[in-house]
Structures are given as C-alpha cells and as structure tokens.
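Just below sit the structures, each encoded as structure tokens.
Same chain, two partners: chain A is paired with chain B first, then with chain C.
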Partner chain A sequence: MTLDATSLQVVKASDARLKRTDRSRLASFGLHATLIIASFIAVFPVFWVLVTSFKPDARAVETTPKLVNESSLDNYSRILAGDKGGFLTWFGNSVLIALLTTIIAVFLAATTGYAVSRFRFPGKRGLMMSFLVVQMFPFAVLIVPLYNVLLTLGLQGNSFGLVLVYCTTAVPFCTYMLKGYFDTIPMDIDEAGRVDGLSPFGVFWRLVLPLARPGLAVTAFYAFLTAWGEVAFASAFLSAADESKTLAVGLQVFVQQNRTEWGHLAAASILVSIPAVIVFYLVQRFLVTGLASGAVKG
Partner chain B sequence: MRRFLDRYWYAYAMVLPVVVVIAVLVLYPLAQGVYFTFTNINEANIANPVLDRPATFDVVGFKNYLNVLSGDQSYGAFWGTLVRTLIWTFSCVFFHYTIGLGLALLLNRQVRGRTLYRVLLILPWAVPGFISAFAWKYMFNAQYGIINQFLRSIGLPDPVWLGQSNWALVAVIIVNVWLGVPFQMVALLGGLQSIPGDLYEAAEVDGATPWQRFVHVTLPGLRSVSSTVILLGIIWTFNMFPVIYLIADKNPNTRILVTYAFERFFSGASRDYAVASTYGVLILSLLLVFASVYRRALRKQGEVW
Partner chain C sequence: MAEVSYIKASRVFSGNPPVRAVDELSLDVADGEFLVLVGPSGSGKSTALRMLAGLEDVDEGAINIGGKDVTNVPPKGRDIAMVFQSYALYPHMTVAENMGFALKLRGVNKAEIKEKVAEAAKMLDLTKYLDRKPKALSGGQRQRVAMGRAIVREPSVFLMDEPLSNLDAKLRVETRANIAALQQRLGTTTIYVTHDQVEAMTMGHRVAVLKDGLLQQCDTPRALYDRPANAFVAGFIGSPAMNLKTVPLTSEGAKLDGIVVPLSRSALDAASSEQLAEVTFGIRPEALALVPSGDEGMEMTVELVEELGADALVHGAVKIGDSSERFVVRVDGRTPPSLGQNVKVVVRDATEIHLFHPESGARLEA
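== the complex of A and B ==
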C-alpha cells in the first residue's frame, strides 16, 4: 500500500504536489528537514564505522578525522583471512545459533500465543503474567544456577544449550506479540476450518499461521537479534576453545586484546552487522503491522 | 479429571513446551538464585564439578540484604545507585517515547520517500547492540572522536565524555535513546495506523484545531499501545546492561543497579554470587511493585489487560 503510493508520487510528482495543497510549503519543508536530520542521526554511527573500517589503525585515531585516509580493503581481507582469530568459524557458529534460536523461539511463541489467544483454560492469566515477570529479572545474574542446570542436562558447552537459554529470553516477548497478532485474525476463520474437518492443530498450522506472516516476521527478527548480539551467556556457556566461540564473544576478546586497532574492529563490526541488516531488510515491511497489533492488543 | 483433560488438552499441549522450558531454565534457576541471596556463596566456596570440589558456602540469613540496603560503599551504595537508575530509566524512556511519537506522527503523514525514511530510522534497532556500543564509544572518544571534533568546530566546549564525571551518564543515555527510539516509533506508528480515519474527519467537521485533534483523537487512540510500550520500555531500560557495561565499563558515574550486579558477578577471582543475586532479587521486587502500581493506575482509568 504505502510503497505503491510513494512510487506513484515519484513518477507523477506534479500531480502529487497538486493534491497536497492543504500543506504549506513551509510545513512541508519542516517535515522533510526534521525527517532528514533524524535519519542522519540514526544512520551516522553506522556510517562512521563503515568509513573507519577502511582506514589503517593508525589513521583511525587521528585527531582530525577525515572521510578517506589511506583507505583500503586491507582490514577486511586480513580479518577474513583469519589473522585476527578464527573470524569465519565464529561467524558460522553465530549463524547456526541465531538461526536455531529463531526457528525454535518462533515455533514455541506461535503455539503458545495461539493457545492463549484462542482458548480459555485454567492457568492462562498466570502464564501471561509470568511472561511479564520473566522479563524483570536480570537473567545473567542466574548464570551459576543455569550453568548447573545445563550441566545436569548434558548441554553445558553445547550450542544447543545456549539456544535454549536464548529462547527463554526471546519467547516471552514474542508470545505477547503473536498473541496480539492472532487476536486480530477473526475467529470465523478457525470455525470455518473446524467445520471443514480440521483439528485444532490443523487450523493453527494450515490457516492461522499463513495469515500471521507479518507477526511471525517481526518475532523472527526479534529472536534473531536476541541471539546474534548476546555476549554474557555466550561467554559463560560455550567452551573456551576458540573454534566454539560466537562472533560477539570473539570480538569481545579482540577488543580487550587490541584496544587500539580501531580500523580492524570497525571492519569486523561491519561484517558482523551485515547478516543482521539483511534480516532486517527482509522483514522491515512487516514491522509496523506486525509489531503494532501485538502492542495494541498487548 | 477426564472431562477436564478432554476439554483443555489441545490448549495445554500447545503451551506445554514453553512451560517446560521456562520452568527448567527460568523458574528453577530463579529459585536457586533466591536461595543464594541467603548465603555467602562466591567463586571460592561454590561446588566445582570440574575440580570435583564440594560446596562449602554457609547460610547467612538476611545479612546480604542488610549489607546492601545499608547503602554501604563496598556494597554498591544502593540508594545512590537506585536514584541514578531511576534518572537513567525515566530520562531514557521519556526520550524514547516522545521522540518515537514525534517521528511516528511525521511518518504517518503522506510524505514523499516515507518508506526510505522509515527504513533509515529503524536501522539502529537492526545493528547488534555490541556493535552500536563500539561505534558510540569510538565517536565519544575525547581526542579522536567525531563528536568532540564537531563540537570544537562550532566553538562549543568539548567534555571528556567517558571520564569520571556525570558526562559519562549523559553519554550512555544518549546512546540508549538512539538505540531505543526505533522500537517505540514502530509500535506507535502501528498504533496511529489503527486509529480510524473517520474520527479525524468527524473532528475536523466539528471544527477541531490540529492540536485538539491530537489531544482528543490521537492520544486516546494510542492509549493501549502507549501503556504497553511504556511499561516494557521501563522494564527493559531498568535492566539494560550491555550499553553501559560496554561503553563506560565500571565507571561509578554510570553505575545502575543491574550493572553493579554484573560487576559483583564478574569482578576478578572473588566473583560474589550472593551479592549479585541479592541485587537481582531487589531489582525484581522493585519492578514487580512498579508493575502492579502501574496496572492499578491503568485499571482505575478503565483500562484492562
């Protein structure tokens, strides 16, 4: 909808201007100026890291920063070649962990959100309340008991254990959001499905989930980001061996050991951000509708 | 019992996985964490399965709580830290909400390039937190940071942002505002789009000024979104640890309750799990009290959730 409207305006700019006679030139200027400044502030830090990532370390700390200063792709090639730790191995670990977290968290949140949205059952209110309370405790303080639990389950030092821990942080919010989204899908659809002989699970899987795609996209985005950038749990629950580290942990070590290598750090940061930005770009058109209905219905 | 199961089994089957995972990985550790607050457990006396060493910590009753609540410096100066946490939380959430609402209102208009603006404005949300922290730390550097470079060029004083002063707190608040605005903006934009257009038309027919339309149509229409995102914002900001920890490190000027819990937890060899857990339980209690007061206030205004 919005995309069509804007592209139309670009093509037929004169028509669009005629239609918007109710807004004065000054107001229009103010509107665009504010949005441009806000966008600039939003993008600048990322842009600045990008600029820095091409500079040699020594040039990155000059007191009069310039946009281009002996810039080259050297930082990138050195990082990808593994001069600064097993970057590609860390990258693979992070992708695996983040994808597993996304799939499991979205699946768990979807089933739970659907049950809470459609069925009345004893304990429902308690369940929803506990999801809110779960977000109130600083969980990293529980690393010690969690460590023991994972040890008992045989998952300590295992990426699947870490995935489960991430799910506990992502699922409560995702469930809230998806419940809200499911609430906006009319019950008639479920009933029609039941009349046609589908089981409650069939209705959920075949009818409701496909309709809830925007909500699922936002949830997936949230779960992915939760796992992609997390440091504390990852450094506690993965074995110390270099080949099992995630990017966030590996870079943390990198920062501590090389406090001055800003150029390399910037290049590594850009490489880390790329998958997150790709995921973001894929889901961004769903974000507004998906998140909104979740928050509206809370 | 049979009838009970017949009626609810599919609902329970669908929530069961989450309940099991949360019970094993949240409630059980949480119970153990609460138990830790009554002991003197730390790295030296905890059971160590790797070294095959049994636990030797003792139960000390309410000693941890008394130590922490006395506000003693060596236990993180609880009351001062609490005040700083409140300043941090409320200033962050205030700016998140107001800037988020302002931008959402602008994006909700017919404006050319809206899709592009929206993508750019949400970008901070998509960048992993530790990368943003690194970017801002670099930009805030007193000597070679671009921010001070800019301030000098327009003739303003250039503070040492991340030094031992309250500028450090200002700096981390700026970063967190930058990080948190996109979420609020997106949620509020969705809320704005769900307000029926007829309401605005009716208001216009009745001769309402833009400001009156905002106060009497927009704000009430956003009530339920706002109450949810503000509550979530407060809870998340109160416990927002990576931003402060990664940017300002262990600077006492940016210390909030949750970062102090981490400091105790991770500091050196003596990792004080007991005090860290005590802080965790105190944070949870404060947020629980706050959430129930908040809910009651909303319910008084006729809001139910």
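== the complex of A and C ==
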C-alpha cells in the first residue's frame, strides 16, 4: 500500500517537472495570476479580521480603512480577563463538548465502520442507507424534534445532550469515511492476526486501528469541527445562562441590537479559531490520503 | 507436530443453488508430511486450507489436528501458522516485530522472543533486515519474512496458501527448493496450496488434486504421473499436458490415424465389459516419438515448434476419424522438424498409454 503511494508520487513528481518546462510563458503567467487572486480572496477576510482585532471598536469600521489605527492588544486582554462575559468559561465548554464529540463519534464510527466493512449481517445495506439519508436533513428542520427528544431524555440544557446531538451528524459521516478506509486494509491482515492468536476485537484494536490512523485523524478532525464552530444547535439546546455557553454562542454578545463591538468580536474570533488551526495542523498530513481513500472506496 | 485429518468436511456457500466449495473432503495427512493441494482456480483448494486454519466454517463433517477435533475451535486455538499469498505482513511493524508478534501475544518473555526471531532470521537470511518495515523490503524478502513469522511460532502445522505466486519465475524456483528443504529440516506437517502442478510435483511428499470441490486423487507425485485416477488428473498433472483424445476401439486396440495402437488385454477387457465403442486415449508427449517418413505411424502436420533448449515440443494435427486433433510430441531439442513438415508419429512405449472412460473419465483397467 505505502510502497504504491511512494512510487506513484515519484511518477507524479516527474510528470509535474515535465509539464512545468513544457508550459508557455503566457500560460504560466495566467496560471500564477489566477492562483494568486484565488489565494488572496481566500486569505484576505481572515487577514482583515486579524487586523481589526487589534483596533478599538470605534476604529474598526472606517470610511478609509487603515492597517493600523490605535491598534493594541486591549481587545484581547479585556476578552481574556472576562470583561465581556465568561470567555474562558465558554472556551472550556467548547473544548469539553468538542472533545467529547470527537471521542464518542470516532469510537462509534470506527467500530461501526469496521463491522460494516468486514462482516455480513442482515440490515447492513439499510444501515448504510439510513446513514446517508440522515445527512440529507438541514439542521433547521431537526432543531424542534431534537429539542423534544432531549426534553424527554432530560438532557435539554445539558452539555452532554448537545454532544449527543453533534454525534448524530458526525457519526454517520465518519462511519462512511472510516468504512472506506477500512476497506483499503486487506482482509488478509485480519486473518493473519487471527491465526497469530488475536481475538476479533484484538484484530480491530491492535492491527486495523493502527493501520487506519490517517483515516481516524481525518474523521476526528471532522467531528471536532462539527462541534467546535456550530451555533444553531448550541444556542437552542444549551441553557441561556452565560456560564453554559459555548464560544460560538458566546460570540453573539458582541453583536447586539444597537451596536456591534467589531474589534472585540474580531479578537474573540481569532482566539476561537486557534484550536481549530492547531487541530488542522496536526492532521493535515493525513488529510489528503484520508479524504481520497475515503472518497474512492466509500 | 501433528497429523491432520479432514473427515468428510464440506464448505457450502449459500446461494441458489448452494455452492459446495469443498465437498465431503476426506484426507489424512501424516505427522511431518508435506502435502500439496493442487487444482485449477475455483477447485476449492484454498477453501480447504482456510477451513483447516479456522478462517472458513466447516458446514459438514469434521477436521482433526493432532487427533483433536478442532472443527469449532477459533484459529488462535489450533496451533497453526499460515503463510498468505499476499504475505499479509503487518505494515506498521518492523520485520522483527512481525515475526515475534504471535509469541508476544502468547506472553513469551522479550529475551526469548528476541532469541527465536534472531534464530529464524538467520535461517532465512533476514538478519540484516530485522529493523526494517515491510514496505522497505523486496518481494522475495517479504516472502521470507512471512515464512519466518510462521517458523518462529513452532506450530504443529504450517499452512501455505500459494506463497510463491507473487515472486518472479527464477526466484520462485529458488524459493521452492528452499521451502522444501526447510520443511525437511523442521519436520513440521505442512499443507501447501498451489495451482501450479510443477510446484506440487516438486515439493509434495503427496499431492491431492481437487476439482470443483471434489478430491480427485491423492498420491505421491510419481504415482499421480504414472497412474492418474481419471482423465482430469491425467490432463492436469504433467507439463505439457497429456494428449487426451476420444478414439474408436477395435478388437486389438485403439484406432488412430492409419495405425491401431495395441492395448493390453486387461484394458480391452475392461472396455468391453463396459461395452464401450470409444475410449479416452491418453499419452504423454514424451511417450510419443517421431519416426522416418517411410515407417508406419500417424501422419502429423507440424503446426508449431516450441524449443526449450534440451528438448522441443512439436504441436501438430493428426486425423482421428473425421476430425483433426492436436497432438504434442516431445522431441530432441537439436533436431526438431520444421513448420509445415509432414512427420510420422509412433507410440514409443505401449505401457505408457492411459485409458479412461469416455464419459465418466475414470481410469480403465485395474
């Protein structure tokens, strides 16, 4: 498997070299210009949020925007000090909810995906189909029924209830991803493990999971993001009390009916995005292989 | 070390109609024996092996290892080691970890594992590669690691599922000899699956030929070659394949183009007791010979000459009745006939003629 990947890369690299020399100047210019413009469009908003985050609220929106205008770290220090609501509490809530979602979703998706990939059992097709169908409903449609379900379970306003809700979206997708990934691991490995003396769960735990690490990283990343940036469910299912909010919900305090604290909002947004960036950085080397194999075999 | 027996063991795959991949297989393998299961693809040879490994259910009958019924025992309780066609090495472990994994699971202490792995590595010339991952090895080296993984465990039975089919031709011949020698040295009961009859003949103490899930014959390579039990075995064992043609019978023998090949009394009796007007006549390419054109023999037009160095294979058409049948003759490599030439072919030795029932394919004569 890995050998194939490396040899493929070699082929690709030599291909690319060939094309680069073949390309005409004009084409090269056009291509680079397009890429630069596209990158600019993608990066600029984030850059401007960063710029704004250092400005006081009053200077954030101006007729002639400047990069630096009374810029300072004041916004950050005030947010972190809790002047604008319990930012650190929200942060803690978000981390807890996102991590729980990630752990539960990846565990459930890995076991389910493995079962679907390896075993034949009645209702297998129906199960995979229902996973697909579930993903077709827009969030807005689900809020009321899920609210009722949580109310019945006594989990309304509870962080764990929200984790369960996030799992309903993360598990089906992650299962599909991981099933595709497990399908690429040859059955022979499982069988060799069983002959070597592993129990069926041992095969899963000691052979398949370590081999599926790229796939697991990608699904974990997806599950984390599902929970980290979500607003609609979080504002509907968590209690209105300030100390139970997640970051995404908490950010709304900067946007009030009559005024918007742009500087503070931007600074808080930057702080919110840091964990997501860190997670992304950790899994990015797996992203391409993980997504690709999931996509082809899923 | 242990003996292995299949007792009317069957594997039936559900379907309409159900597929009997292995059909009432009865086979006894002695302690220390090297038994080869051979057959064309779809013959059930791999399934039979996997049933023994516990990777495939036994739907009917039973399987014993070392006198113990293991029909419903999971693979880890059977004390077997298996070499897979794909080798199935664990990609995330080094060669040493791959080889020692089973021992580690059994709770053997680290020093002992290391010692056993080192010993096996030395035997297989893998000492230099112990710290490498499988992806950094060549095909032949991976094959040896797979062997090593099996050896280290000192199991009572080795199972090998076409372990050489991913190697190139030269390495295959080399490894073939190595495996046979290794088995000789370790004296471990070995069941070896292959579709290659040359491998089967050269390696096995005994060879079991399967077709469509049914055991056709199980005997020593020599006996399979000299006395195939039916037309399928006759055609499958031996390269190039035996010439098998349906020919009319006369009171003296089998009638081929221009000549009547005399048959033994017992063969003719067997045929007449079944009231057969035709028989399946089998003769190996090496039991045929070319004679000068003046002599008596079958007229053959040379259509293809395959030169193998030491000898050559002459393919040509011979008329039998109204149809033209293809025959292969093995001749001396230095003086092969040329294409399109008309030659005369005779049976070199009448004792090398095999006769089979034209419908059932069973061997005629006692």
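Quick notes on this structure:
The working rule: the second predicted complex is superposed on the first by the 255 of 298 C-alpha atoms of A that agree within 3 Å, B and C clash if a C-alpha of one lies under 4 Å from a C-alpha of the other, contacts with A are read in each partner's own complex, and residues count from 1 in each chain.
Everything that follows uses one rule, which is that contacts are C-beta pairs under 8 Å (C-beta built on N, C-alpha and C of every residue); 3 or more make two chains touch, one makes a residue touch a chain.
Please read all numbers here as calculations on a predicted model, not as lab measurements.
Overlay on chain A: chain B and chain C fit together in the combined arrangement. Using the contact criterion defined above for the overlaid structures, shared-chain residue A:Phe280 touches chain B, although it does not reach chain C. Using the contact criterion defined above for the overlaid structures, shared-chain residue A:Leu80 touches neither chain B nor chain C, since it reaches no partner. Of the two partner chains, neither chain B nor chain C is touched by A:Ile103.
Shared-chain residue A:Leu251: touches chain B; no touch with chain C. By the touch criterion stated above, A:Leu211 is placed in contact with chain C alone, chain B being left untouched.
Judged by the touch definition given at the top, the superposed model places A:Glu62 against chain B, while chain C stays out of reach.
Of the two partner chains, neither chain B nor chain C is touched by A:Val95. In the superposed model, A:Asp188 lies in contact with chain C only, and not with chain B. Counting the residues of chain A that each partner touches, chain B and chain C differ, and the larger count belongs to B.
Here's the short version: in the overlay, chain B gets within 10 Å of chain C at its closest Cα pair.
Touching of chain A by both chain B and chain C, each in its own complex, is seen for residues 2-3, 6, 199.
Chain A makes touch with chain B in their complex at residues 2-3, 5-6, 9-10, 13, 16, 20, 31-32, 34-35, 38-39, 41-43, 45-46, 48-49, 52, 60-65, 108-109, 111-112, 114-116, 119, 121-122, 127, 130, 132-146, 148-149, 151, 153, 164-165, 167-168, 171-173, 175, 199-201, 204, 225, 228-229, 231-232, 248, 251-252, 255, 262, 265-266, 269, 272-273, 276-277, 279-281, 284, 287-289, 291-293, 295-298. Listed in rising order, the residues of chain A touching chain C in the complex are 1-3, 6, 186, 188-189, 191-199, 202, 207, 210-211. Interface residues of chain C, counted against chain A in their complex, comprise 53-55, 74-76, 80-82, 84-92, 101-102, 105-106, 135, 149, 153, 159. Partner chain A is touched in their complex by these residues of chain B: 8, 10-12, 14-15, 17-19, 21-22, 24-26, 28-30, 32-33, 36, 41, 46, 49, 99, 102-103, 106-107, 109-115, 117-132, 134-136, 138-139, 143-144, 146, 149, 178, 181-183, 186-187, 189-191, 193-194, 224-225, 227-229, 232, 235-236, 239, 241-242, 246, 258, 261-262, 265, 273, 276-277, 279-280, 283-284, 287-288, 291, 305.
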